[in-house]
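Report on one structure; see the data block that follows.
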Amino acid sequence: MDIRPDLLQSLKALRLVIFDFDGVFTDNTVLVSQEGIETVRCWRSDGLGISRLRSIGVETLIISTEANPIVTVRANKLKIACKQAVEDKAHAVLQACKELGVSPTETAFVGNDINDIPALKSIGLPIAVVDAYPEVLAHVAYQTTKQGGYGAVREICDLVFHAKEDSLEMLGIYLA
Amino acid sequence: MDIRPDLLQSLKALRLVIFDFDGVFTDNTVLVSQEGIETVRCWRSDGLGISRLRSIGVETLIISTEANPIVTVRANKLKIACKQAVEDKAHAVLQACKELGVSPTETAFVGNDINDIPALKSIGLPIAVVDAYPEVLAHVAYQTTKQGGYGAVREICDLVFHAKEDSLEMLGIYLA
Amino acid sequence: MDIRPDLLQSLKALRLVIFDFDGVFTDNTVLVSQEGIETVRCWRSDGLGISRLRSIGVETLIISTEANPIVTVRANKLKIACKQAVEDKAHAVLQACKELGVSPTETAFVGNDINDIPALKSIGLPIAVVDAYPEVLAHVAYQTTKQGGYGAVREICDLVFHAKEDSLEMLGIYLA
Amino acid sequence: MDIRPDLLQSLKALRLVIFDFDGVFTDNTVLVSQEGIETVRCWRSDGLGISRLRSIGVETLIISTEANPIVTVRANKLKIACKQAVEDKAHAVLQACKELGVSPTETAFVGNDINDIPALKSIGLPIAVVDAYPEVLAHVAYQTTKQGGYGAVREICDLVFHAKEDSLEMLGIYLA
């Protein structure tokens, strides 16, 4: 399948990718123990994707509504900055763009639930994981083929990496 | 798909939704560690559904046969009341209706296993998760499309919310 | 689907059901933490099946090759006896029959891997979970429809219960 | 299905099987707790496969990029040697061959992600799990039918065992 020219253009222009956490880095489930410990399920291969983005100078950031130590733990492991306990994600997204000196048009946001919609409308490249809530899908330019927590983050990193590196053959693998 | 008029009527009338825990809030599995700690798997997006129900004044309650600290942990996180170690769920359901001043006809019960059948027969809107035991399905007016622990609770919350808010277009998304 | 007469006969005759643990009570995966703690995934609704068997006087037993505290934890919760660190399962099965005064012909064994084959050959009703290793399936009279850790144990309990209680209509649900 | 003669030849010649860890012994997810503990999901039946290989004198080894106590925990349980914090897997593979006195042509490597490609190119029998990244599949002589963490390691052990034992009928079961 050929990549849509508008999507390729948007991917090439990106300087910042902002991710929601639950349902994007995770499969949207949470393990709850009888001792009250929460645990989430992430995708090992996301790390390689994130570090390739870093190697070509694309910034990444996690923005999450919850204030949960899990997000810090995972963000530290992946060496991504994160903002937590965010009530208004669209505001936080625009704030992050300003702080990093990146235009919202050069920014992607990746979400899965209805509280991500304002943030998706505030930037240049709105993306949803394939298992996002259906209301969300109406607001995005790209749906991943992989599910949240099962490679969606890596897929997005690979798309951006190969678009910016002009390796269109590799892009074809992901968009097939 | 159009919503069945009787189901729409029942959803609009609801003032209380009572949930079984295992198999409804969870995928009905339990992780058992060698140290004897139990852990269950829940759905992150259930919280948003529950809080929307609360915002329009619909009460929620968890009733569980087990006496397990996990139920308390999860109920506290979602800010739902819970009754545990319940031997007779139908009795507990009717008791809860009385305490809250809600008629059983304005109440839904959501279950998955055969010990939920008496409770399902005692209220106005009996609901089962799609992966409920087959004996249970004969006793319900609605089966969710999502599985327990994978969005079933959120689906029910969304159905009730949109029915009561008269947002029938949104309802269509869930019933398609 | 009608139940095979020979299977119905064997189910009715049962006085003892012996289960392997991993892959039967669990989905055959094991969670391994960086602290060396092992955790397995079980099916909440197995408990109701086991207690119904107990209520009609059918004995149950777990036999496992591993010596693992997880088996004890789960067996205690379900109130089943268990024998661990068993090298020769066929020998342990026959020993258990003798101890309980039950003929091997009135006994079922449920397994999933090739080291269960001798035990399956030693008793009257050999059963495998549907996701057992293919070599095992050649040696059984019944394959469950549910997977290990996802209802296989409950399914077997329900089959035995309804066969012995002559509730053939209910049996039909499981064998459909 | 008949086994490809070249694959059978390679399997028969093997004296050493080297495995990547994440995505091969595991399903490539990682559970992250709010306390920062990582946990992975492995396949119980891999142990029986590994011990059968050992019984016929085939060496096994785990090579992993991460320095993670989980790998040590699992390797110790399975009684396999492991090398961690390996930056250059191809170099580590050739080093291991030298240490064990095995020719690279008598060696298999099993991987799932793009950083495994150089190692796959350095030995006689390159293998990928069926859910490997698509770039990897171009470099292997065999793809497993089972997924990583769901029997892929056991499948490879069984293939090698039955090839070396000339039990071609059993091989057919796996290659069907």
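Read from first to last, the chains carry the letters A, B, C and D; within each, the first residue is number 1.
Just so we're on the same page, a contact is a pair of C-beta atoms (placed from the backbone, for glycine too) under 8 Å apart; a residue touches a chain by one contact, two chains touch by 3 or more.
Computed from a predicted structure; not experimentally measured.
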Discussion item. Could you classify the chain B-chain C contact as same or different, where same means more than half of all interface residue numbers appear on both copies?
Written reply: different
Practice prompt. Enter the angle, 0 to 180° in steps of 5, of the rotation superposing CA atoms of chain C on those of chain D.
Written response: 90
Worksheet item: So what's the Cα centroid distance for chain A and chain D, whole Å?
Response: 31
Worksheet, complete the sentence: dist(centroid_CA(chain A), centroid_CA(chain C)) in Å evaluates to 44
Fill in: Shared interface positions of chain C, touching two or more other chains
31, 37, 39
Item to complete: Once you've mapped the touching chain pairs, tell me: line, ring, star, complete or other?
Response: ring
Worksheet entry | Residues on chain A engaged by chain D in the complex (per definition of touch) | 27, 31, 37-45, 48, 68-70, 73-74, 77, 149-150, 170, 173
Item to complete: Quick one: which bits of chain B touch chain C in the complex? Just the residue numbers, please.
Response: 22-23, 26, 28-37, 39, 113-115, 133-135
